[in-house]
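In the part that follows, the structures are each spelled out as structure tokens.
Paired with chain B in one complex and with chain C in the other, chain A is shared by the two complexes that follow.
Coming up: the complex of A and B.
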């Protein structure tokens, strides 16, 4: 079974981001970047499937600027076999990424796509679902367990009411949640070997995909700072405040 | 509590812009390594340092330090587990030679990665550091048989290594060594070792399966001086020809020390030969023990200097995190802060302390990385002239990196405690640990005075060019180069003020050097009375030179359209350093050239 894992290069989760003064976005200059943590979990799961003899090849894909190669190299160092960079300076939005992935799935014919459930920069949580729709494949989102079968997989997904178990026919798209696994550290010998693994670069146009953004960002702003609370003396005052100050009842 | 965040931007800047990583990677020795791989190694190492090593630093210090019981030393489960991962993930083997399982990366890259381990926990990182020291000694001087038998497991970190030099009566002066070695009466070519060694870092512990001790000892009827000392390999467990572990050797850890800092590491008293004698193997030739130790001195000293740099960086990050969140008092000159409180980072003197930590740590790193790069050029350049020059610069800078970085780290971690105010004096905040941990670095592997003696004597006044007869030619050449750069920078519209201070400071160093060279043969005690200030002056000026150079490079990058606070910061730290640190050069020059007699101004009975 071939597995395709999309990965995204995002602001490192430990970085405290700042909004640009003009409100056009987050200031990324000199900011540490890393692989999206959910994608690390996806790569880890694929590598574990391969180590268990359930997968034959792991292809990792990223769409973005040339520096997105760093995320691909990290995935190769973790154990992926080869990488494809879809090189574009344009801002790639979820639908464009889904179309790019659709084109690559058509070409690569994997049986399973394991994606992070969302990227921690824009938190869109759309790409996996859009990809499944474009492919006409079954999808299972937010999975916290994956057990491969003969021509299906059994997954556990986290839902509001608890855990849901589903059998999903292959080929399929799954998106992973935090509790699926704990990603490994790449070992030094594997980091050194990663350089020798194939990394292919293509342009969106080569795949016949138009990545022109469909969404316009109007403004990016810091969340409003919370003001201090007040202690109310009785229920009547609480109701009054909720009615007249917070205006929620 | 803060979390360690490797300063990758500054590390990469120093490696690329100051230390010549590009030129080093272009050397045939590193044909297999490229810049992307180096980046990937640094990234992954920073992750491991932050997530795995940094959290155990406090455990080794205050929660669960190594415990001694009847010769057995047990470390905390956390230390053991991180050591196992460190070894299994291949980090231990990294600096080793490829034929023994290492990665063949440039020393400069190893240096940067090692900075991360040591910033995260100097006590933990000492174990692999000592093992690699022993590996180098065996690799360069032992027989092929010993190399084959011991190196693969030592490089991998399955076995650890130690260096046994010090004895109660033999500290800085190794001639006083008494530990004895005699040929094994069974005639198998081994030796029996008896004696006591102290201050043996990681001399006993349970993280590795075997511990390989390198022990300096005297053979019967040998020269009573340094030439009578030989080096022996003495394993904790005897190793069979197939590499299997056999009987326990006749050596025991009789105690571990209670220390001011680096409490996470076990500092052992080692007792050899309580019964028949510990079985040892001679490394290299008889009587060459001390010489073998000295061939590794540059390496070991530069690495202890790096410990100073690393802890200074970690302490800065710790105090910065605190200064950003602690709110206390209205800010002088900022009326609005009375109603809208601001963190202490905005107080002028906290600001100064943080600049002191940041700018001076960057200066230390710049000189350390520059020296580490010179080591690669000296070892691997294909151009004999470049090799020779790099080796000379490395030797000149070695006592500076060791002595100046470690002495500075004491002041900078102290500044870190100061930023914390009263809570800095309380162990829970963690600021005190860095202050305690770095204290040893100015002592072991040659105290600051030993470094200063080396710098003023062998590296300066006693350095003679065999071909031309010139004295102190490496020092004079380097300082001339710095002066020329400073004079050029003095004409710069934006950075001219930095250039002028650097030029004056360099002139002070040149004047002090000429004074030292002039007086050394007639009044060496006078020269040595000012040797530590002279070492400090050398450090301050070389640091100022590389920071000024960094500012110039940053200016060019900003001019070429590169954005980002990092380059602006580089100019700001260079300027701070010029106005607060480089200006001290004049005072140091006066101390060096005029202060000697005052050192001897009080007759001994009057003390």
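Coming up: the complex of A and C.
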């Protein structure tokens, strides 16, 4: 079974971003970038399926500027076989990414798409579900376990109040949550080897996809800040503050 | 034009998240319709009809909606979509699952996690774990939104909407529910609780988490929450997680115990009315957002606090 994994290059999760003074966005100059953490989990799962003999080939895809290649190279170093960069300077919103992925799925014919559940920059949590809709495929979001079968997969997904098990017909789109696996670090020899793995570049227009943003960002602002309160000396003082100052208990 | 709210329910009762979503819909302006899709959901339909501000309830009652799989639900909503300017779902696990599928089927760029409605086409949403707020304008004829429930009051009772049965959509048969393991708890639901007692890595183990936090939560009738670190360490199941990728809470009182306060955690609780932090590390970032901080060993301070209440 061929697996397609979309990956996104995002601000490193340990960076605290700053809003630009003109309110046009967040300041990303000279900020550390990484592969979206959920996408690392998606790549890891695909690589484990291949190591277990369940997957034959892993194709990783990213849509964005040329630097998005970094995320693709990391995925190749983790064990993906080849990469496709959909090169565009436009801001690609989730619906456009889903349309790009639909075009690539039509071409590549994978049996399974494994995506991260959300990107930690725009926090949209949409692309996997949108791709499944455009393909008319089943979807399993926020999964914490995946067991492949012959014509279907059995997954465990995290829902409010507990867990749910679904049998999902292939082909399918799944999106991964944190507890699915612990992604490996790419080793130096594998990083070197990844440089020789194939990376193809296409344009959205080659795929017949219009990536013009449908949502206009009018303004980006700092959220209201919370100022630090007081440090209390002991439990008795804390109880007093909660009862008599905050009046919440 | 009318606004369609997708009700969240378990086939027996309407979930509270629907009430906050109705309030967000009312702020957009226009007739608010609520869709209840499920199996044997007459009672849920009646409950939705009593919600203040609801003009009409649509009930799609069919066996293939019992598990509320997103494939069948989205196909149903697509069939109903032409009469609506907006389609709203709460930004819960279920809403986040189905809404983008609906959005793609009606070719609309979804706006996720709306925290404010500025105009019928303009919404505010958090990005970068809540470290920035984006104001976005949608040009799509049908706007699909998920609503951050903590940002909108729950709609009250007092409605008397008509209830219409709608024809079921297709059963696509793409996924089959094998089972659900739901945690039964006498505690309030985390996302809707007035008081949340939350624990982090500082507790050291699942046993410590339970032994130290449960007596305090019992005293306060509080829900229990956790940081991602505590979930990743296996102290508690994932649905306890508060943060960017877990639940967003805004209780009257949030007590963070042994939680350092990573930005991903703060994203899930910084809108709480009063925040208390108990941590032995006085440099922990959680103290920067806490109204009341106590620098102490949690293993002595928390039992002392529980005893003092």
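Remarks
Just so it is clear, the second predicted complex is superposed on the first by the 226 of 249 C-alpha atoms of A that agree within 3 Å, B and C clash if a C-alpha of one lies under 4 Å from a C-alpha of the other, contacts with A are read in each partner's own complex, and residues count from 1 in each chain.
In this text, a contact is a pair of C-beta atoms (placed from the backbone, for glycine too) under 8 Å apart; a residue touches a chain by one contact, two chains touch by 3 or more.
All of these numbers come straight from a predicted model, not from anything done at the bench.
After superposition onto chain A, the modelled positions of chain B and chain C are compatible, with room for both. Residue contacts after overlaying the shared chain place A:235 against chain C, while chain B stays out of touching range. By the touch criterion stated above, A:194 is placed in contact with chain B alone, chain C being left untouched.
Looking at the superposed arrangement, the partner reaching more residues of chain A, out of chain B and chain C, is C. Looking at the shared chain after the overlay, A:214 reaches chain C, while chain B stays out of its contact range.
When the two structures are aligned on the shared chain, A:120 is found in touch with chain C, with no touch to chain B.
Of the two partner chains placed by the overlay, neither chain B nor chain C lies in contact with A:44.
Of the two partner chains placed around the shared chain by superposition, neither chain B nor chain C is touched by A:81.
After superposing the two complexes on their shared chain, the closest approach between C-alpha atoms of chain B and chain C is 8 Å. Of all residues in chain B, only 3, 5, 8-9, 34, 36-37, 39-41, 43-44, 47-48, 52, 85, 88-91, 93-94, 103, 563-566 touch chain A in the complex they form. Against chain B, the residues of chain A that register as touching in their complex are 14, 29-30, 32, 34, 69-70, 73-74, 77, 185-192, 194-195. Those residues of chain A lying in contact with chain C across their complex are 11, 13, 16-17, 19, 26, 38, 93-95, 98, 117-118, 120-134, 137-142, 144, 154, 158-169, 172, 177-179, 213-223, 226, 228-232, 234-236, 238-239, 241-242, 246, 248-249. The part of chain C that touches chain A in the complex is made up of residues 69-71, 74, 92-94, 96-105, 107-113, 122, 126-140, 172-183, 189, 191, 195, 220, 228, 231-232, 237-239, 244-245, 247, 252-253, 263-264, 270, 273-276, 282, 287-296, 301, 304-305, 308-309.
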